[in-house]
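Naming follows writing order (A, B, C and D), and every chain is counted from residue 1.
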């Protein structure tokens, strides 16, 4: 944990809060179709924690993943500056990662070096930077739009 | 307004709050691609107003509409009981309606008679019940899952 | 069947072909997550039948429904002029309808009076026009784009 | 080109066909909203080329990207065994990559070592394996479903 915090400019208390809040968010999931609970939390540059959980739908493609629920809430609340993203699942096979669609959502709002911390059921964790999870990505600037995370 | 309120079991003060909050939410939109701002607000059975706005993405299909941002937030906050949905846009051609994808999202969490109030730029409005906007719909029970709105 | 055909400008042989091809398409579904097979077929103005089936994904929102698979194929093959849409499922509770997201996809490419024919497991059917399934819809013209179905 | 072909078990004629067909598919895009044309083509193990192009929608999240249009078509036609994926755009800033959502779609059906070849407007190209574009991915087996690409 301390090496992770040092590498990603987080305090240990931020790391623990990310773990606890992502795990707590997991219990808010609406996932009667998959039965697979996912919790997410965003840490903003000014120290707020914004939660999300997966919200499924009888029409599967209408589902919104935990990460995108959290970004929806954060963006509507005016946040554009994120320090870390954490995700927690009930996986027993090691931490589960954000799906590709969510990596693209994170790309829209976060800098490439943003750490994404993934927790499994036992709080084992893996950390990857956005640029590692979504290499060679494209975002707003590819379409001539300013990058929110650079503003 | 008073006829609308009577037909849908809303007070006039709830109606005005829905209009104001949907309009306010619109200003929170992140829509650099379409330039089309949408605000949404959900009124819960216990009197809370939950806002949403569209959150677009350089990969267009990764966009989350205002209504789904609001439902994501509400569901994660534990709400399962909604009294009304309101949507506001800058349309000058009369009120714009929720897209089909959002109607399906509303279907997951609301009763069929739920009113959906749509405001245009000048606060002209149209009201339709969910069952009018998405007739012959399917939801959780079609897949053997309990309907959240019936619990 | 004959009344349906008369009402929607279809021949009985077109109706039977729609039923057979939608049912056949159902067997092409990739749906290991929901186990709910859906087949779709589009009849173009020049007499071609374009099939689709649901293609699911471990990340549920990355799923593409049968109808959208069919429109993807049709549009890429240059079709812009559709006479009817048919959908077949294994539902035993009467015919299942397209989800809201697919109704919005149909809206992009079809005229409002286009018939959408829904078959259940025993080939019982229901027919609704697009404007009945997605009333008060918005499409390309709302964003200043020409309607493909009017060209 | 020859080094790329050797590294990824492609013949030069396959490589050229991928480039030509991805470029040709681009001209089939329906993209009146973004104006950004994308073509894709899948090479199956038995030598067929399956095209796709982006099919946009007035409701942006209802858009299907070129890669997912191609996989929809291929899967419905019974293909489960892919040798390569190619994508072509009009980008002048070097080749554009598949969005995260499409990387997740590719993950469902392709082996991790599958090459994804990206062409820009001038046919400059970049190649990355799926496991490089979507590291630490999850797919069917995470949910207890057999991997189509291993069958």
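Here is the rule we go by: a contact is a pair of C-beta atoms (placed from the backbone, for glycine too) under 8 Å apart; a residue touches a chain by one contact, two chains touch by 3 or more.
All figures in this text were calculated on a predicted structure; none of them were measured in a lab.
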Legend entry - Repeat of interface B-D, chosen from A-C, C-D or A-B - more than half of residue-number contact pairs shared: A-C
Inset, instruction - Check B-C against A-C and say which one is joined by more contacting C-beta pairs. - result: B-C
Legend entry - Inter-chain centre distance, chain B versus chain C - centres from mean C-alpha coordinates, in Å: 26
Inset, instruction - Please work out the Cα centroid separation of chain A and chain C, and write it as a whole number of Å. - result: 36
Legend entry - Junction residues of chain C - those touching two or more other chains: 33-34, 58-59, 62, 64, 99-101, 104-105, 107, 138, 142-143
Legend entry - Residue numbers on chain C that touch chain B, as the complex places them: 34, 36, 91, 93, 96-97, 99-105, 107, 126, 128, 132-138, 142-143
Inset, instruction - Using the touch rule from the top, collect the residues of chain C that touch chain D in their complex. - result: 25, 28, 30, 32-33, 51-53, 55, 57-59, 62, 64, 68-69, 71-73, 75-78, 101, 104-105, 107-108, 138-140, 142-143, 145-146, 148
Legend entry - Contacting residues of chain C [partner chain A, same complex]: 33-34, 56, 58-65, 99-101
